[in-house]
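Sharing a structure here in structure tokens format.
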Amino acid sequence: MSLMKRFRYQFMKDLGASLIMHLSRHTRRSHARKPNPHFGPSLKNTRRLKQIMARHYFLSRYAEGAKPVAWVTSGAPVELLRAFDFYTFYPENHGALCGAQKVGPQICSVAEEYGYHRDLCSYARIDLGACFSGITPVGKLPKPDLLFASNNICQTVVYWYKVLAYHWNIPLIIFDTPYNFEKITEKEISYMVSQFKEMIPTLEEISGKEFDYERFLSIIRSAREASITWGKVLGTMKARPAPMTIFDAFGHLAPIVSLRGLPVALRYYQSLLLELEDRVEKGVGAIANEQRRLMWDNIAIWYKVRELSDIFARHGMNFVTATYTNAWVETVAQLDTDYPFESMAKAYSLVILNDNLNYRLELMERLIKEYQVDGLVIHSARSCKPYSVGQYDLKQLLRKRLGIPSVIIEADITDSRVYSEEQTRTRLEAFFEAMEH
Amino acid sequence: MEYFLGIDVGSSTTKAVILNSRGEVVGYSIVQTEANSTEAAERALERALFQSNMEPETIKSSVATGYGRISVPFADKKITEITCHGLGAFHLYPGTGTVIDLGGQDSKVIRLGSGGKVIDFNMNDKCAAGTGRFLEVMAARLKIPLDELGDLSLGAQQEIQISSVCTVFAESEVVSLVAQNYSKQDIIRGLHTAIVNRMWSLIKSIGIHGGVTMTGGVAKNKGVVLLLEERLGQPVNLYDEPQIVGALGAALLARREA
Amino acid sequence: MKELVTRREYLIEQKKKKGRKVFGVFPAQYPKEILWAMNVLPVEIWDPPLTITHASEHLQPYICSVASLGLELIMQGKCELLDGFLFPHTCDSIQNLASIVHDYLGTQKPCYFFHHPTASATASARAFYREQLTGLIARLEEQLGPLDKSALEERVQQGQRIVRVLSELYDLRARGELDASNVEFYKIIRSGEYLHPDDFLPLLEDFLSSARGSGSSGKGVVLSGILPNPLEMLALLDELGVRVVQDDLLCCGRRLPASARSAHDPLQALTDSYFVMPPCTTKNSPMHARVNELLYKTEQSNARGVIFYIVKFCEPELFDVPQVSGELKRRGLATLVIDCEVNQNLTGQMVTRVEAFAEMIS
């Protein structure tokens, strides 16, 4: 770490970032969109969200050499890293951003030129493409000192991070979470807890800091609070009409994923919750005419979020819940400062993608009942095998057990080259007809 | 003086080259393969003999290559088009380190070591985009003879992006571009750019080493050649008859193995 | 070479005459010795010769053919003979396939799951592996009755003998002293996927003594990937005079421990053995370990190059290939990457690539 760089980072954090936020306010005004009649008023907190994330990416340009930098998977127990003051970067979040900005295919192609097959996860291809070429819409990615991956969300992240580890010749810490084929066992929990203990010396070495247990506990508390608050945020969508749409929630997800454990995440959700509770009280809906309430399964189709949101809103349909956004609610809320390591092991092992499909079925049934869902849209994402394998069965079972109509959209999270406008349009038309009855 | 024969049976065209012991081309031919590879090989041979005023008995030995090489019963040996293109290109341009072949239905990039020996290669043989077939389809759609595409593209005024990766979808895109009144020159240049882009990952996977020689029918298209040279940042070697380089390599191997 | 009876006939015989239970086991790493000791015959499901007609109701088209064919086998009712399934945690597709079979398919057959650790060989990983072994035993005992400790010792030792014979066969082959075609070699080795060790060991020993010889002088290659399928690929290499002299295949070379372990306690021996298996993508072995392993294998066998023979959609392999093959190329080795579906007929294009590769290494 260089003193000069640390100073510069601190300067940017305190001063430079607010300058950026100020500038972004200007550009936002000049690009203000016409209000869409199918939607209710946009959330005021959305602007704040953009500032927070812009600031985060802005600071990432100065983190290299100023703080120990870690690239982290979305399901990894980042709370441990925060105790060592790592600056964290989330390639999956960056991938989603690239997808939303429609540069997915361009950056994926770079990875493909390096020999990475088109059938591989597009988050990985974007990340590798960005690393190899430096092309990114966020300006500059901070070179990591450490890679931190957990296979709770999928095995692919580890295959991908191994490539990064070899490319930069830096350490990769893998948090291995045994799949919950049946119920989680004590032995599995103790395996995971042992892994945490084994990680600490490496984390101390790379960060140059000793493990600060008290700091760790306060981060656990903050993460837990943020997760509970996020849960309440999502819970406001039980109201009729729902004050937010899941498509909005996909964006508001960013802090709980990539800034979890930091005070800004908790503060943000507290603010968002107030705004949403206010809307519920006043009966303000996210869409102008909420006739039907839907659930979304799998990660978003990032390059089609706005378009799809619009199509459904025009049909009076609002997405009020999703398995994806729910992922950071139930488990992280179980974090317990009395048993920090055990509760972390459980929280990170019991995520939806690390559990058998029966568990997913039960969760979806519960969400359907609690949020009064009339229909289900299933995104069969080519990149995401753990999420997608089993969806055909879930569709049939939910139909049988709850009479819920659903539609499967075959697409991908960020690679728009596999998206078929024709196929999607045809399937959605059939779905809208089914929902009209 | 002895004579050697190389036959390259491709899926679109079949080529025959007759070489003498000094390695000079004394005759060659290019015929359409059509439905039967064996017949095509026989026709190509007949034509090449006719052109060089020779009798079949004077051929000492022959090598068949290409997609239909197993269907050439009279060949003494069968060797893949990768090895043959490599050797042929090296024979014509001894500084060649990389061969870029854009054929009728496949494309390949070959890395050569000393003596024109292949040390690495990669092929696109699963998809028409990036091959001559792509241009054939588009030329037909634009109602322009294939051999005029090159010259026309030189008159392009602006860049057009053909976004479809698939030949079938690209064709629809071309139709819509024509309907939007884009000039044929501009569209053709856009198609050439699409081909070069398709080739680029293949090229990247092998890397550019030493001199670059282009072979295959698409090399006759000066528009594509210029774009490729621009992208590579270096000129490419181009034989007058780029399609026969494979058959030439086969004939050289026939000479070597005899 | 004695003609092997068909797999189905063999399984029926094992059940009727030997009174054994038969379990269908999905790829790849699992403690066979425990099943043997409980009088269970593990039958591995890698590439059943079927056309996919039913599996597509459950699995998307971007799921690999190993997973799809395995599910197809069950759905076509060809697993009626089996008394249970075992799913090692090999990859995401097999993970979710296990849940589909166990939770949704209604097979009524007991399903067991084996999770081998996929981080480095730390103390926690070792302890966990051992715990997985005891956990598996405890669950099996519920279905099959108590495990006889001495039976386990015996089977672990038998397993070690098999490892020794296999290692010798691999060494002979690497030195060019084995008189067997690629096709013959893999037919024999792969029969271990369903033969009981009481039958597999003598078959191997037989092969070892009869095939010891001068071998052929063809150029050698290392085959890297998941499994040597289709058989036509091996036959093509034989035709071209190319010998497979070593392999880095998940179903073969990657399950051959570097040395037979001889801890007295059978569970310790099994645990030690797992941690000396060659590096593998399904265990998240670091890239440099894989590179070094392939460099070692090519050197030891004097191979001219490596054919990366990948099953389409196989993520673990496809992520490793660019860096591993790139490093090998930099060291002057010839490399070829082919991807194909399991049981696919060789296309003209694949044949051309392999032939060109053979010409390249000559």
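Brief remarks follow.
All chains are identified by letter, namely A, B and C, in their written order; residue positions are counted from 1 within each chain.
In this section, a contact is a pair of C-beta atoms (placed from the backbone, for glycine too) under 8 Å apart; a residue touches a chain by one contact, two chains touch by 3 or more.
The model shown is predicted, which means the values in this text are computed figures rather than measured ones.
When the C-beta contacts at B-C and at A-B are tallied, the pair with the greater total is B-C. Greatest centre-to-centre distance from chain C is found for B, with centres as Cα means. Averaged C-alpha coordinates give centres for chain A and chain C that are 37 Å from one another. Centre-to-centre separation of chain B and chain C, using mean CA positions: 42 Å. Chain B has its Cα centroid 48 Å from the Cα centroid of chain A. Looking at chain A, residues 114-115 sit in touch with two or more other chains. By the touch criterion stated above, chain B contacts chain C in their complex at residues 67, 79-83, 106, 117-121, 123, 125-126. Chain contact summary for the complex, chain B toward chain A: residues 165, 200-201, 204-205. Chain C makes touch with chain B in their complex at residues 329, 334-335, 348-349, 352-353, 355-356, 359-360.
Listed in rising order, the residues of chain A touching chain C in the complex are 114-117, 119-121, 124, 151, 154-156, 158-160, 162-163, 165-167, 172, 174-176, 178-179, 181-182, 185, 187-188, 191, 194-195, 198, 356-358, 380, 382, 385-386, 388-393, 397, 410. Every residue of chain C that touches chain A in the complex is listed here, in rising order: 57-60, 62-63, 87, 89, 91-93, 95-100, 102-104, 113, 115, 117-120, 122-125, 127-128, 131, 135, 281, 284, 286-288, 312-313, 315-316, 318-323, 325-326, 339.
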